[in-house]
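Each of the next two complexes has subunit A plus one more chain, namely subunit B in the first and subunit C in the second.
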Partner chain A sequence: MLELKRTLDAKGHGVLEMPSGTGKTISLLSLIVAYQKAYPLEVTKLIYCSRTVPEIEKVVEELRKLMEFYTKETGEKNNFLALALSSRKNLCIHPEVSSLRFGKEVDGKCHSLTASYIRAQHHSNPSQPVCRFYEEFDAVGRQVPIPSGIYNLDDLKDFGRKKGWCPYYLARYSILHANIVVYSYHYLLDPKIADLVSKELAKKSVVVFDEAHNIDNVCIDSMSVNITRRTLDRCQTNVDTLQNTIQRIKETDAAKLREEYRRLVEGLKEANVARETDIYLSNPVLPDEVLQEAIPGSIRTAEHFVGFLKRFLEYLKARLRIHHVVQESSPQFLKDIYEKVCIDRKPLRFCAERLRSLLRTLEIADIADFSPITLISHFATLVSTYSKGFTIIIEPFEDKTPTIANPVLHFSCMDPSIAIKPVFERFQSVVITSGTLSPLDIYPRILDFRPVTMASFTMTLARTCLCPLIVGRGNDQVAMSSKFETREDFAVIRNYGNLLLEMSAIVPDGIVAFFTSYVYMENIVASWYEQGILENIQRNKLIFIETPDAAETSMALEKYQEACENGRGAILLSVARGKVSEGIDFVHHFGRAVIMFGVPYVYTQSRILKARLEYLRDQFQIRENDFLTFDAMRHAAQCVGRAIRGKTDYGLMIFADKRYARADKRGKLPRWIQEHISDGSLNLTIDETVQLSKHFLRQMAQPFRRVRPAPFFTRFS
Partner chain B sequence: MDDQGCPRCKTTKYRNPSLKLMVNVCGHTLCENCVDMLFVRGSGNCVQCDTPLRKSNFRLQLFEDPAIDKEVEIRKRVLKIYNKRDFDFSSLREYNDYLEQVEEIVYNLTNNVDVERTKQIMEQYQRENRDVIQRNKVKLTREQEELEEILLLEQQDTEQRRLETLQEEQRQLQAKRKNKQALLDELERSQLPASILLAQHKDRAAQLETQIEKQKQSVKPTTIFSTGIPKGQTVSLAPVIRVEEVLYKYQPINVETYGPPLPELEQLDRLGYLNHVRTATPQDLAGGYTSELACHRALQDAFSGLFTSLV
Partner chain C sequence: MDEEPERAKRWEGGYERTWEVLKEDESGSLKATVEDILFQAKRKRVFESHGQVRLGMMRHLYVVIDSSRTMEDQDLKPNRLTSTLKLMEFFVEEYFDQNPISQIGIITTKNKRAEKLTDLAGNPKKHVAALKKAVGSTCLGEPSLYNALNIAMQTLKHMPGHTSREILIIFSSLTTCDPANIYELIKTLKELKIRVSVIGLSAEVRVCTILTRETGGSYNVILDESHFKELLMLHVKPPPASSSSECSLIRMGFPQHIIASVSDQDAKPSFSMSHLESVDEGPGLTLGGYYCPQCRAKYTELPVECKVCGLTLVSAPHLARSFHHLFPLDAFQESPLEEHTGDRFCQACQGELKDKSVFTCPACSSVFCTECDLFIHDTLHCCPACIHTQGAS
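== the complex of A and B ==
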């Protein structure tokens, strides 16, 4: 609380690590809301960013509780407006559109009903279908602001149905004057979406990134582009459509193209004025230069631009026709493209903006179809704007299948600070928080900002409800480790199996076991089956396995919970970095023990990772090993943290690898776990582990009454 | 990609993976074999459009769409003539108009619109702007210059890194060799039992190994700041410390002559002394020299030497 207040007072940025399940969200909300109430002029808006839709809903529920408490205590109705924002897929109430399954389809369909020229056509030709909710909203929705209160997604939909307004556009319009906005990271970090949704948000806002331990990867993903042969083929059809449309329009409505041309000659002055007056969040895809200058003459007319796109496309195709891996920097790429197809850097830089203007002019309804060409244009703009921090890797085939040609061009961003920079610059305070941010100092370094506060909190516990154990050896004294040299070793696999077997016998209800990768999990499970270990385990508990397929995994998860519910007990075998490890909580009996088999390092042979590590070393002075260990440990901590979701909860955390006992690994675990690792719980054998676990579980199983109502943090100095 | 093939003999890439497609100025493809066969005499007409072609103008097809090959060819030719740079124009608007004009010409030539007229325009332009074209031929555009510079820097960086790692490896190799040699020497000369020596050697080797590992791990900190000032060189921004001193005060020298007094500096001219010294040239005067000074100095010397023997 103290640290957060200090951050707000200083109008600076902060990094806070708080253990999961201890009321992190409510603490943040209550302080910031109180601050907003006390200094309404200093902090006008709270932007709360979370990762998934269920998490967003959870935040809104917490907020609702807080507001109810306010009304109860103060007795007055407060006029706070808080709302959640999500994609059209989650907010649409149009009967036809909302029945579509994929987000892209919904967006495309919605666009084809609400685009301005469609509505103009509707005026002259009433048989043209439009969305009546949007019409209604457009007619009256903007005049009266939405009444104050707390709205989650369902509330917005209900409100929309009642009034007959489109909830999505209502929400998007309302975030401008709402006091609290809850939405996903991507609305701020992904430049393509941020430009649409978030660019007009007030400067005096406080931004909170919750569950932000992966924020660097989100930033990088939002700026990276992967181009496959298939993308290019679809681009080709896009370009052909563009050409035909231009031809058609030229015959029927040449004035429209002339109008666009005139506008382009004038330049993009409007956007520039807006940015100078500080209304907009700046967009890293839209470089400053683009705003100050007019579109270069070589791509000013529509035909020339299509010709330009064609050349660019053919060039990329030619580049993808290779038989060896190529890695080059943006300047090298630019030089080559000039030599091969005479494309200068400047028109490339304007490519994204020009394409947007063209699509608008041609009145193409289904934008979703044009996603490949838009992707290519973003790539063009990025590659010509940034000469540093990006690398281009062209791989003719995947590592796993070196015989099948599947060329991919990775344009990968190596510097997460590029995407997040506008956020840090624009908003007065940005708070990054998660359960696992250790070591704290690495985040400011890789995101390139200066926090005013950095703190790691630990829990005050009524009883020690977590029990981290580091198991290093089997009963036969063979060291257990998932490191490359020993991972195929029979003894290691057998010992892992024995560990799981022993634990399944003594732990009640659910056990979650994490492996380092899908491949490794498959290997181990196969060999457990051969050794008969699997059969023995199944005498104690049912076994469920996570797969890369989302539907299968959610099925397995459902059944796992069912098995835990009815007392049978179950084991879920899953993968660190997978779906289960990130978003799903195993409260109470769903997770009484988490076993982490091995250290979840990333696949270090990937060229993109190598390039990134090199960049980190050269630019930020972060050593390769440091970063890899940091990354592995944050995932390990994230996995084991799934088990403890509150004070009444308890769980075993078993790290089954002898490397966890080393100081460099152990030191990178979050404080609240490290605290409970004593010297007695290092490098145990399986027998010792069983002993300690039995003791712990017996103690925890006693009835527990002392539950403190309010969350409470203590500072760890 | 699979349906790419020669329009004449219908061979495809799939059937003949080593198929080489060629393209000429008209933008139509032929495979290498057909080119060899049809253009034995060095020239002939295109199979598809009957344009007269020369065999020497056939090039390997780079792109899937032969039209692009043609366009790039034309573009390169046009850009050789239209090579004005942005600083040749007074405003950006004019430059953009010029760029559009160039684009128009390329477009016309590729799509066979008004070819004759366009060619005329080009020739006229070439005649009018001959000297500008000549001048700009050697110059790169500003952007290209920037690119070249960045590339050069990158190259230097990688080269330096490569050298560093090479040196590092060599140093390690030498250290290891030295260690081994030392062991052999000791085994030869020392009185200690071999097992102890071996253990010592093992110890030393392990130490060396850890040292190497540590070096590998350590990151080289950057040596210069972004401003170009090397790190470590302390650039103190504190003001220079002032030393308190008594101000210098001029005191005229007093020459004891023990004889007749010296004539005053002002009187030298009047008493005619100056007639015997060289008159100052304007250059001397500019440097602060006057005839009086030198004369006075000489008189001082002469007078102080007059009566010394009497004392």
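== the complex of A and C ==
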């Protein structure tokens, strides 16, 4: 609280690490809201960014409680407006559109009903279908602001239904004057969306990124483009469609194209008139001066632009027809493209904007089909805009299957600070928080900002409800490690198996075991099967396995929870960095123990990673090893942190690799885990582990009275 | 772990740091701490007075003993099964001592099945004998909570409403193998007002937590043997009866013990009714015994339910013994010895007060030593000094 207050006072940025389940959300909310109430002019808005829709809903519920408390204590009606914002898929109330299953379909359909030219057509031709909710909102919704209160997604929908207004656009409009906005952090980080949704948010806002341990990867992903041959093939059809449409329009309505041409000459700014609804396609972060300029003449007419796209496509296709790996920087790429097909840098920069304009002019309603060409145009714009921080890697095949040609062009962002920079510059306070942010100093470095406060908090516990144990050896004294040299070792695999077997006999209900990768998991499980270990484990608990297939995994997860609930007991074998390790909580009996087999290093042979490491070393003076360890440890912490979701919860955390005992690894774990690692819990053998775990589980099963109900943090010096 | 017999060796099992609790005093002697630990252990018994609540005095209790593979674990010495059965013998004795008009039955569960070791009966001897016999049995497979609960339920649901219906499960395994959804069964148990309590031997299992929470029982997990004993003893006391349970008057018979000597010519040896069913206990032909006042059936032991007319047969001391649960003796006030000013002798044993603290009866303010305090509360259930003064006046 103190740290947060300091951050707000200084109008700076902060990095706070707080263990999950200790009231992190409510602490943040209550202080910032109080601050807002006390200094309404200093802080006008709170933007709370979380990761998934359920998390957003949770935040809104906390906020509702807080506001109820305010009303109860002060007696006055609160005049706060807080709302959640999510995609159209979650907010649409149009009977036809909302029944669609995929987000993309919903967006496309919505667009086909609400785009400005459709609505214009509707005026002249009433049979053209439009969305009545949007029409209603557009007609009256803007004059009256939405009444103050707390709105989650369902509340918005109810309100929309009652008034007959489109909840999505209502929310989009209302965030401008809302006191608190809760949404996914893509709305702020992904330049393609941020530009539209979050553009007009006031500078005097406080931005909170919750669960932000992966924020650098989100930034990078939002700026990276992968192009495969399939994308290019689909682009080809897109271009053909474009050409046909232009041909047709030219015959029927040549004036329209001329009109567009005129607009382009005047500059892009002008083109933003009916922008609000036509946001489906938008450009990546463009420097302001680009928007001021006019579209260069070479791509101004529609035919020329299509020709230009064709050339660009052909060039990319040629580039993908290779047999060896190529890695080059953006300037190199630009030079090459200029030499080969005479495409200049400047028109490339305008590619995305030009395509957007063209699609609008051609009145192509179903935009979902045009995602490949949009992707290509984004790539073109990005590659020509940024000369630093990006790299282009063309791989002719995947490393695992060197015989099958599957060329991919990775346009990879290596500098997460590019995406997040506007956020830091724009808003007065940005708070990054998560349960696992250690070591804290690395985030400011890779995101390139200067925080006012950095603090790691630990839990004040009524009892030691977490028990981290580092298992380094088997009963036969053979060291356990997932190190590359020893990972195929028979003894290591057997010891891992014995560890799981022994734990399955003493831990009640659910155990979650994390492996470093799918491949490694498959290997180990296969060899456990041969050794008969799997069979023995199955006498104690059922085994479920996470697979890359989402549907299969959620099925396994469901059954796993059922088995835990029924007292059958289950083990979930999953993968660090997988879906399970990131989003799913294993409260109470669903995860009494988490076993981390090995250190979850990233696949270091990947060229993208290598390029990024090199970049980090050159630009930020972060050594490769430091970053790799940091990355591995934050994932390990994230995995084991799944089990403890609050004070009444308890769980074992077993790190099964002797390397965890080393100071450089151990020191990178979050404080709240670190402080429970004593010398007695380092480098244990399996039977010592069993003994300690048994004792711990018995201790924890003793009746527990809640001592202190309020959330409370202590500063760890 | 039956495929790893070599683990059974004492020195290969896990080591316990029993020495860590001991601390030397300044002179390097361990005596002080040892005494302290002993003293603490003595005083551990919690006095939980319920005040004036209705207690279910007539109890029907099924004890389910897990006999699965995990019972061979050696964290209790010599192993869980032996240790549990030993404690159970003690428990049965204690149970009948404190609840003379109650009944108990034992169920074991192993290898996904459950079977009755003894039926609900009010005679400790039979249970103890069965428990003694069970020591040698092998532990295998997994337990089945569902089957065990189901067997117990089948009998308990026919018990009259004024008696308590209880199940106590001693659960060593962490898994259960059930033929059907156990949550349905829990619902049924709740409807039948059967109270299920669980003592876990290894760790907290979710399904047990729910089971006990739903049915209003208690759930505890043991720390070590002495804690295990303590938890078991908590179940000796009758539980508070739920307010919805019906009250009824019960017919009871107080048979007189007729002693006939062998020399008496008129006496004819006769069979005890309770021995009719059990074949292995010898002829059962005896001379004297208790005769049911209603039908004259003979029994050698009380309390018992008459096999012929169904009358509950008890003796007056039995009823008297369960009386103290209703009016428990108040806990004595503990005060350190230095502050004590009166005479330095315990009112009960007349020994010198040597322990760190003394105990004063709130009613008659007599002083007792630790040993006597425990004896009074655990066995006598009334203050000897108070009775003495009452008798004198």
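Throughout what follows, the second predicted complex is superposed on the first by the 699 of 717 C-alpha atoms of A that agree within 3 Å, B and C clash if a C-alpha of one lies under 4 Å from a C-alpha of the other, contacts with A are read in each partner's own complex, and residues count from 1 in each chain.
The rule is short, and it goes like this: contacts are C-beta pairs under 8 Å (C-beta built on N, C-alpha and C of every residue); 3 or more make two chains touch, one makes a residue touch a chain.
Just so we're clear, the structure is a prediction, and the values are computed from it rather than from any experiment.
Student: Given the alignment on subunit A, is it a clash or a fit between subunit B and subunit C?
Tutor: By the criteria stated at the top, subunit C and subunit B fit after superposition, with no clash.
Student: Given the touch rule stated above, what does A:R623 touch, subunit B (first), subunit C (second), both, or neither?
Tutor: first
Student: First (subunit B), second (subunit C), both or neither: which does A:H589 touch?
Tutor: second
Student: Output check: A:P147 vs subunit B and subunit C. Expected answer is one of first, second, both, neither. What do you get?
Tutor: neither
Student: With both complexes superposed on chain A, which partner does A:P95 reach: first (subunit B), second (subunit C), both or neither?
Tutor: Once the two structures are laid over each other on A, A:P95 reaches no partner at all.
Student: Is A:G75 in contact with subunit B, with subunit C, with both, or with neither (first, second, both, neither)?
Tutor: Touch partners of A:G75: none, neither subunit B nor subunit C.
Student: More residues of subunit A are touched by which chain, subunit B or subunit C?
Tutor: Of subunit B and subunit C, the partner in contact with more residues of subunit A is B.
Student: Go through the superposed model and pick first if A:Q691 touches only subunit B, second if only subunit C, both, or neither.
Tutor: Once the two structures are laid over each other on A, A:Q691 reaches subunit C alone.
Student: With the superposition applied, I'd like the minimum CA-CA separation between subunit B and subunit C in Å.
Tutor: Between subunit B and subunit C, the minimum C-alpha distance equals 38 Å.
Student: Output the subunit A positions appearing in both contact lists, the one against subunit B and the one against subunit C.
Tutor: Touching subunit B in the first complex and subunit C in the second, no residue of subunit A appears in both lists.
Student: Tell me, which parts of subunit C touch subunit A in their complex?
Tutor: It comes out as residues 1, 3, 14-16, 70, 75, 142, 145, 174-178, 181-183, 200, 202-209, 220-223.
Student: Tell me, which parts of subunit A touch subunit C in their complex?
Tutor: So the residues of subunit A in touch with subunit C come to 505-509, 536, 539-541, 564-569, 588-589, 592, 687-688, 690-691, 694, 697-703.
Student: Can you tell me which positions in subunit B touch subunit A when the two form their complex?
Tutor: It is residues 1, 62-65, 68, 71-72, 75-76, 79, 92-93, 95-104, 107, 110, 141, 143-144, 147-148, 150-151, 154, 217-219, 221-222 of subunit B that touch subunit A.
Student: Which bits of subunit A are touching subunit B when the two form their complex?
Tutor: 265, 293-301, 303-304, 307, 310-311, 314-315, 317-318, 321, 329, 331-332, 334-335, 338, 340-342, 344-346, 387, 617, 621-623, 625
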